[in-house]
Amino acid sequence: MAITKLAFIVRSLPYKTEASRLALTHAIASQTVEIYLEDGDNVEPVLCYIGDGVLNCLKNQQAGKHYGITSLEQHAKNSLLLDLKVMICKEDVDKFGLKEDQLVMDAEDIGGETNAQLVPYSEIQKVMEEVDHLQFF
Amino acid sequence: MAITKLAFIVRSLPYKTEASRLALTHAIASQTVEIYLEDGDNVEPVLCYIGDGVLNCLKNQQAGKHYGITSLEQHAKNSLLLDLKVMICKEDVDKFGLKEDQLVMDAEDIGGETNAQLVPYSEIQKVMEEVDHLQFF
Amino acid sequence: MKLGVLLSDHKTDSDVLGRLTAEKLGIILVGNGTYLATIKENGKASPILDKTSNLYVLVEDLESRGLSAANVDSRVKPVTYSDVVDLIFNDYEKIIWL
Amino acid sequence: MKLGVLLSDHKTDSDVLGRLTAEKLGIILVGNGTYLATIKENGKASPILDKTSNLYVLVEDLESRGLSAANVDSRVKPVTYSDVVDLIFNDYEKIIWL
Amino acid sequence: MGKLTIGCFSSLVGSLSLDFAVKLSEAAVKKGHDVDLWVSSNATMLSKKGQKPFKDYSHLAKTLTELFASGKFKAVACEACAEARGYHKDDTMEGWGRRSMDWYLASAFSADRVLLIGGD
Amino acid sequence: MGKLTIGCFSSLVGSLSLDFAVKLSEAAVKKGHDVDLWVSSNATMLSKKGQKPFKDYSHLAKTLTELFASGKFKAVACEACAEARGYHKDDTMEGWGRRSMDWYLASAFSADRVLLIGGD
């Protein structure tokens, strides 16, 4: 019985590369990883947005309307719906002049019960210390 | 009878993307474009290296030895062997602390007779004004 | 020359864009370039917006990213793909993508 | 933590690398990161080289670009792929790619 | 009415720059212009048949079919780029040509405007 | 001896990051370590058979074959990423698996070191 903690640190913008989208889809894939593992073993993902990466969390992304693809907003909601731990760096949100109500902080409209946390960078640094493996996207 | 002048401006580093390699291979492809055109019609490429792009011109690139791929040095020589007009921005070469003897300025060892020119940026700006179409790589 | 620049990057490459000059220069913000029209870093608008008075931003790319035409810097004109075609053929002779 | 950073980019992303802290931090310059070990812009070495005393550069990537181990900043130790494997397993617990 | 030649190197999936090239082509053709599209490097994959639509990825096959039907749109993929990626001639989507790079230059020769979208 | 799990998203051609992943795998296996390689996004194309060698492009098929033969190397490609690119199961190079993303996470569960190579 063991839990492996994996941090998914999103630092890149949405859409220009697939990196942030893949961070979210890989983190969400933790929901089905048990089929490969022994009873009681599991992975525990933590999703953190830093730097330019916080712009993945903007509301009202209309990538579906214009380009026919799922928005990063939708992926961000899905990660909350599935109760992933999500942290957004407050200093970076402030730097871009954004307010909390402009960001995807919950997935209530699709039945989610978990909220994202707006935290100082030092909290994200703590996560990086705690996890078993670190991945930057 | 017409000549269309095309500028190929290389601003990106070699190897991380294919961009600079494709600038050179597309410029070199001008050698065979006549098969598609009427007698007397042709395209005339000019190849300019600016910014980070000047680092494509470094000598002794051992990409073949380590990664099994043609180096940008080899492509640069091929472009001179085929008598393309090649300009390298002097300010950018100076900025990186490079000397002319560190750069591919000729293709004498493979029988080339054309030299690259180390020119001030203003000369490259003139080329941009003169050509029919501009392409940045 | 009349030069139209499609700027798809949000990082300014001063070696390239900074030195470009043209009798008439237009900058059309597309892709990640659209952030430059809307997001102020540390309260400051991007210096790109001082480079010319012919500034455009592609609405489709803006909206895809959750940005809104309402928040676009007043110097920048929102345009559609259809408008970009007209800018390319009618307003500029040479077009580059950065 | 003991954190090894494989730095593949030649542009410093201060939001990310600048804020990273670790009890033991190692930076292994690979890909375009190898320029940081050799090329001085306007005569100045990259500020990355001040970030830690555990600095490495991948010889294969250096030489592929026409750079030479002889010109590497004296603070940076040239290493091979084989050495990188040992650094990953013996010297650092977590490894990231930037 | 004019002729626009677009060259594009960007990834089929992820970058949206290739989507830009196709949507710009569509807008130009709608206004009566002619468009030549050249795809090279990672963009070459746009010309491969059998791309399965997924919600997470752009799917440009339908737009391309409409563009070909307009009679004002030509699209050609880089042959060597395709072969290097293990994608061979009989996998090419209907409407597309496969040529070497001189085709792009010949298209640029007679174009009123050329747009080269480099990078990833 | 340890286990290294590598995830890579980078382009088959052009970026050299995928070459890095393969050469690092090779160096690790030579030292007796086990390596799991997961390719997703544009890197998925590494697992396609029939890639023609060209001097301008890296050609990793031979190294991969040697790695598979070592018995210390597993490699799996993202199934959805492949299908979106029009590359189907019977085109997969020998030795490779095709799975969904949870395979990568399961590999990371038991890895001593994880290296995720994101970006293009």
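Here the chain labels run A, B, C, D, E and F in written order, and each chain numbers its own residues starting at 1.
The definition used in the following text is that a contact is a pair of C-beta atoms (placed from the backbone, for glycine too) under 8 Å apart; a residue touches a chain by one contact, two chains touch by 3 or more.
From a predicted model like this one, the values you see are computed outputs, not experimental measurements.
Graph distance from chain B to chain D, where chains that touch are one step apart, equals 1. A count of contacting C-beta pairs for C-E and for B-C identifies C-E as the more extensively joined pair.
At the far end from chain B, in terms of centres built from Cα atoms, lies A. Farthest from chain C, judged by the mean position of CA atoms in each chain, is F. Centroids of chain D and chain E (each the mean of its C-alpha atoms) stand 38 Å apart. Chain A and chain C have CA centres that are 30 Å apart.
If each chain is reduced to the centroid of its CA atoms, chain B and chain F end up 34 Å from each other.
Put simply, the C-alpha centre of chain A and that of chain F have 25 angstrom between them. Counting only residues that touch two or more partner chains, chain B has 15-18, 25, 52, 67, 133-136. Shown for chain C are the residues in touch with two or more other chains, namely 8, 31, 60-61, 64, 94-97.
Shown for chain F are the residues that touch two or more other chains, namely 11, 13-16, 41-42, 56-57, 113-114, 116, 118-120.
Of all possible chain pairs, the ones that touch are A-C, A-D, A-E, A-F, B-C, B-D, B-E, B-F, C-E, D-F, E-F.
Residues 11-15, 41-42, 45, 48-54, 56-57, 80-81, 83-88, 91, 120 of chain E are the ones touching chain F in the complex.
Residues 1, 3, 13, 15-16, 19, 21, 94-98 of chain C are the ones touching chain B in the complex. Listed in rising order, the residues of chain F touching chain B in the complex are 11, 13-16, 19, 55-59, 120. Residues 8, 10, 31-32, 35, 39-43, 60-61, 63-68 of chain D are the ones touching chain B in the complex. The touching residues of chain A, counted against chain E in their complex, run 15-18, 21, 25, 67-70.
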